[in-house]
Each structure stands twice: as C-alpha cells, then as structure tokens.
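Think of it as A, B and C in the order they're written, each chain with its own count starting at 1.
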Amino acid sequence: MTDVVSVRDLHFSYPDGHAALRGVSFSLCAGDKVALVGPNGAGKSTLMLQLNGILIGRGEIAIGDMRLTRDNLPVIRGMVGLVFQNPDDQLFSPTVFEDVAFGPLHMGLPEAEVFKRVDAALESVRMTSYRDRLSHHLSVGEKKRIAIATVLSMNPSVLILDEPSAGLDPRARRRLINLLRELPITMLVSTHDMKLVEELFPRTIVMDEGLIVADGVTKEILEDETFLNAHGLEKP
Amino acid sequence: MHSDAFDRYHHGHSLIHDLDPRVKVVVTVAFILSNALLPDAAWLAFLLAWAFILIANALSGLGLGFTFRRSFIALPFALAAITALFSIPGAPVMSFRFLMQDFTITDAGLLRFVSIVIRSWLSVQMAILLVAVTEFPKIVHALNHLRVPTILTVIISFLYRYLFVLTDEVMRLLRAREARSAGAAGKRGGGSVMWRARVVGNMAGQLFLRSYERSDRVYNAMLARGYKGELMTIHPHRFQAGDLLIGLLALVCLVLMQVAGRLP
Amino acid sequence: MHYSPVALHIPDGFLSLVVSLICWAITAVLLAMAVSRTNKSLGEKQVPLMGVMAAFIFAAQMLNFPVAGGTSGHLLGGALAAIVLGPWAAMLVMTAVIAVQALLFQDGGLLVMGANILNMGLITAAIGYGLYRGVANSSRNTKLAVAGVAAWLSVMAGALATSLQLWLSGTSNLQTVVIAMLSVHALIGVGEALITVAALAFIMQTRPDLLDETSASARGGRGWVAAGVVLSLAVVLLSPLASAFPDGLNRVAEDLGFIHIAQSGSGPLAGYSVPFFADASLSKIAAGMIGALVVLAVAIIAGRGLQKKTS
C-alpha cells in the first residue's frame, strides 16, 4: 500500500537566503494522525506550504502515488487540505456557504455537486445550521470548524492543520479535539499545544532548525524531558 | 465597541425580506431615479413616494416609522442647497438681516430648496430600507447578476469581509493610543498637531503593512483551495414569478408617481 | 459607529439627473479602463490584494486626530491608495469603498454615486499618482513632499469638483459653494497630507520594496504625470476664478446650455462689503470666508449631534 504523503530530502530557502528546510523526509500512512511540533522558526509552516505546492523547494513530495510538480498543482491542492492558523485568513468570503463552496467550485465541479459537498462538509464539522451565516459573526471556535469544512468540501486525502487549538477557550478547544478525533482522515497537525499532542496523536514529528530531529511514538518522545527542552519544547 | 455595529441588516421574514435581491436593488435605484426625475414642487408625487416608502416599511415588518427614524443622516448636506433659497429669482417671501447682511428668501428659491431636501430625504429612506431587509452579500450577488464587473463585486466582497477585521484593528490601535496619551496635570496632552498627525500616519502605515501581509496569507489560502487566477461565483438565487410580479408592480407605481408629478 | 464628516459624500437628491448621469458616464468609462487594465497587466494576486486594501482604506478613514476646536484630521485615502497600489488598482479600490459606504451606510447616494466615485476616487487617484510618478526617481524627501502636496491637492480637487456639480445642478450658488467647500477642505486637506506623508514615510522605512521605482513606473505610464499636472493646474486656476469671478463661469455654463435654472441672482453674501476691504473682489472673498465659517460651524454642530445619537 502506498503512503498518503511521502516527502524525501526536501530543501527550501527563502529569497533572502534563509534556509528553512534542510533535508526533510517522512511519510504518512492512510489514517495516520500525526503531530508536528517544534519551536517557532523550526520550519513547520514552510513544510506545510510545501505539501500544498504554495512554496516549491528541492526534493520530492508525493501525494498518494502522484509526484508533486508544477503541472499537477490543481489536482494536488484538491488532495491536500491545508487549514491556516488564522481563520480570518482562511475564511475570506462574506458567508459560510461561499467559503465552503470556494474549493469545490474552483475545482470545476458542477453546481449540484458543489451544493452536495458543502452540505456534507458542514455536516462533518457539525455546523449544518451555519450554512447561511456571515463569517464575521462567528466566534473563533466556530470559525476554526468552518475553516476545516472549507477544505473537507474538496474531499482531500490528507488534512494539514496549522495550530488548530490556538486562541480557543477551553470549551471550544475540547470541541475541536473531539472533532479531530472523529474525522476519519489522515492528518498532520502543527501545534504548540503539547497536551493536545499527548491526547490525540499516537505519532509525533519534532522539527528544529529545518530538520526533523525526532519521528516516533508520541509517548516515548514526551517522556524524554532533556530532548524536549533541547528543542524548546515542554513536557505536558 | 465591536464593529458588529456596522451591520445594517434586520433579520426577519417578510414579503420584502424574501424578495429576490435583484428586484430590491432595481426597485431601489428606480425609485431614486424617479425622485430625481420629478419636477420641483410636485407635492402630490412626493406624497405618493412617501406612501410608497410607508407601504414598503409596513410590508417589511419593521414598523411604519423604521426608515423615517434613520433618515436624518443626509440632512447636514442640506446646507449645500441653502443658497438656493436666496439665489433663485422670484417673489420675496421673507427678508432678514444676518451678519450685517440682507437676505431675501424668494418663493421660487424656497420651492427649490424644499424640493431638493424632500427628494434627498425620500431617496435615503429607500436606500436604508434596502440594506435593512437584504443581507449585504445578497446585494453584492444582485450587483453581479446585474452585470457589475466581477472584479468590482469581488473587491466589494473582500471589503465587506475584512472591514470588520480591520476596523477591529483600528479600534485596538486607537485604544492603545488613548491608553498611552496621559497628560501631565494641568497640561494639555497629546503634543503638537504635527506630532499627532504623525502618530496617526504611523498607524495608517502599520495598518497598511498588516493588510498587505494579510492579503498575502489570504492569497495563499485561496491558492490552497484551487484558485487559479479566475474567480468563480455561485448564486443560489432563483427568480420566482412572484418576484417579477412585485417588481413590475413597484415600477408601475413609480410611473404613476411620475404622471402625478406632471399633472397641471 | 460614526464617521468623520467628509462633506464630499453627496447624497441623492442634490445633483440633477443630467449631472448625475454625465458623472456616471465618465466614471463608467474610466472604471471600464481600470477593469481591463487590472485584468490584463497584473498578477492574479492582485484580487485579494485590492480586496484587503479596500478594507484598509475603509478602516484607515476612521483614524483621526484632534486638530483644534473640535475638528479632527483624517484620511480620505485616494492619493495614498494611488501611490502605493498604482492608479488603476486605486480607482477600483476607492470605488469599492465608496460603493460600500453608499450601499451599507447611506453615506453618499446611489444615483449620484458616479459623481462621488469621480470626485473621491478617480480625480484623487489621478492627482496623487500623477504628481508622485513625476518625482518617482527623486530623493526620499522630495517624494514625500510631493506626496503631501498631491494629497492636499487631491482633496481640493474633489471639493472643487463637488462644488461645480452642485452648481451645475442648480443646487448651490457657485461662489458660495466653491468658497465654502474649498475653505473647509483646505483644512481637511492638511490632515490628509500629514497622514499620507507619515504613512508613506513609515512604509518607505519598513518595506521600501513596496514603493520602489520600478514597480511605481510599472503601474502606470508617463501619461499619468500629465493628467495629474493638468488636474492640479485646473484646481489652482479654477478655484480663485470661481470664488472671485463666478459671473464668468456662470456665463460660460449658460452659453454652453448647461444651466437650466438661472442663478444670476445674488448669493447670500454677494454684494455685501466688509467695511475694512475697499476692493470689491477682496470683500467678496472675505464675505465668502465668513459664510464658509458659518457653514463649518453648523456642520460641526450637526456632526456632533449625529455622533451622539449613533454612538
């Protein structure tokens, strides 16, 4: 069986010369829920933008059995659902419906299918009644859930989330954790929320200075306090 | 204060709320156009136009006086028309001295002034009703349907979405300024006008850069969801026979108003 | 939520149908050009950029600073938008701002929106960009100084255009409205200039790449310099002419058949002579200034009353 995501020896430098990724390799199997942790500036966000082809570096990325190239970007972007940290950037349309419809619509799906996708996506984040709401009326927690729906409507094969629990109050955070647990989809989640990591993800990837410094069973990684401290992390 | 105060939509279900937004936009513009077409001192037509607004108010379930109570917004601009009182030749109605200057209000001038103010006051009420009974995104859809270029309606959509986010940022900037602009006892705080202007200019610059960076992130979010440089929109509005009927009925009323305005 | 009283947002009813439609026609042509230019020449990133920038201009118009006597300085933003985004994009951005102000807040009318877009969005962008473009290769201080002058002139041009439209519509007496509008906006324009310069200085310092010369010239051709200069000259020449010798302009307008309603009568302050000025036209200007101050005072009082009600 092929991996859902496989990344081999990925390098990337920003135009200002800063080397954000210095040889990153890992893979995700179908159904994996993996945490991506590391201090700010470790390269987590850069890596996520690579997986969707918004930034393109040196190395190899394959989604399913399709290698990411400039030519198949539209297809890849439909397969990799990328949810940004700030829901105000992710939700750029006036209404919830328009935002959730944006992905399927720009994939060129027929209207009837777009409507179906929107309803299914809202259903899976339990926000069906919010279909016609205005985005700016939502709370942060609601915005985060809708943001997830905006990529679920594309039926992606992997979900990539940047800091999903940041800025949420305890109740909204709890709801989001339950949602992530229920969603039957491969996901890679970047976070500083070590409690979330401990609770939800069997596997963790630790990044620092553009490299993967650990990739293994969450429980074992979180046990090693010296290792965590060395990479600016804390035991939950 | 939260910028939700910007919302002008009043939630409800009524004949007018449920009308197709295209009909509402067209009738609103036609009503304002009709007002502009009415000659000065067409009192009967003005009265009919007001009745039209009252009926629309009533049908929208917002109460008869809904738009009236909010209609004084354009009033300060009436100052611009004040000169019409004196400058149009006609029989003197009233003279007075003000600032050592003789003023004579003429009958023709008075008619013109009052007509301008009434036209404006009627028009603004219709515009108020439009946003009160139509969610703003639907107005934008209507504009799109009515052949306003997509690029403009898209910019308007973005503006509507982010005006709430950015005005919140402005509020925070202004609050931070207030929190730091303590004045020494007995002294006026705040520095010179130049200094105050520079503070605001820096805020504007900062806001610009934040907005610029945000547009980068929004662009990435659009790319991530399949945006390829061409924007597609979806319009869940279906024109019903009832919409057409009500629209036509309203337009007939406007024609009747024009006739009434031209009766000898 | 309240707005600073920008007297340039004309409500419906104050312009005649003919003037409204002529302004809409001019605006529509310019906007059509702007739409085709931005569709053609600019990258796809331009769409979210213009959208968020429209929200920026809208929000930046709420920034204000106290000047004196209860008035406050604030930003209209047409010149600033044109300098940082280029003229075509700025026109679209300002159009969106004015459209939302009219549609959502009834700040400005719908039938007269063409005139409002022309006055506040198109003329301001042309002057702001045109003058700045003329010195795009000069030193930082020259650029800032010219940007300030352009910002001030853009507000004055908007005010003058508004006055002329009101006069041609038979709503206002030419001399009075020109003097009143220009003297109020001479002040407002100073606020505009100060904020524009400070904002540009801030951007030059933190993100000079956004304002570099190559991108500035890529956004519009040299023709904009000519357009900006011509419009500025028109403001500089027409303003004193209209305020001191309105009869000439009235005459021209009549000869061209523009005016349906005779406005040959005396304005409220015309014919009055302030005792200290012997010269007739000087006293006319002085009289106009007094009128302007009265208008300003009433506007401030009305504005405050409205603020209290809405906030």
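Here, a residue touches a chain if its C-beta (ideal position, glycine included) is under 8 Å from a C-beta of that chain, and two chains touch if they have at least 3 such contacts.
Here the structure is a predicted model, which means the values were calculated and not measured.
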item	value
Chain whose Cα centroid lies nearest the overall Cα centroid	B
Identity of the chain that, by mean CA position, is farthest from subunit B	A
Top chain pair, ranked by how many C-beta pairs fall in contact	B-C
Between subunit A and subunit C, centroid-to-centroid distance (C-alpha), Å	46
Subunit B and subunit C, separation of their C-alpha mean positions in angstrom	19
Interchain centroid distance [CA atoms averaged], subunit A/subunit B, Å	41
Shared interface positions of subunit B, touching two or more other chains	136, 157-158, 160-162, 165, 214, 218, 222, 227-228
Junction residues of subunit A, two or more chains touched	92
Multi-partner residues of subunit C (each touching 2 or more other chains)	48, 51
Contact set on subunit A toward subunit B in their complex	49, 52, 54, 74, 77-78, 80, 82, 84, 86, 88-95, 97-98, 101-103, 105-107, 111, 114, 134-137, 150-151, 154
Residue numbers on subunit B that touch subunit C, as the complex places them	1, 3, 5-6, 8, 28-29, 32-33, 35-37, 72-77, 79-89, 99-101, 103, 106, 112, 116-124, 127-128, 130-131, 136, 139, 149, 151-152, 154-163, 165-167, 169-170, 173-174, 190, 193-194, 196-209, 211-212, 214-216, 218-219, 222, 227-231
Interfacial residue positions of subunit C with respect to subunit B in the complex	1, 5, 7, 9-14, 16-17, 20, 31-32, 35, 38-39, 43-45, 47-56, 58-60, 62-68, 73-75, 80, 84, 92-93, 95-97, 99-100, 102-107, 109-111, 166, 170-173, 176-177, 191, 194-203, 206-207, 210, 261-269, 272, 287, 290, 294-295, 298-299, 302-303, 306
Subunit B residues within the subunit A interface of the complex	4, 135-137, 140, 157-158, 160-162, 164-165, 214, 217-218, 220-228, 232-234, 236
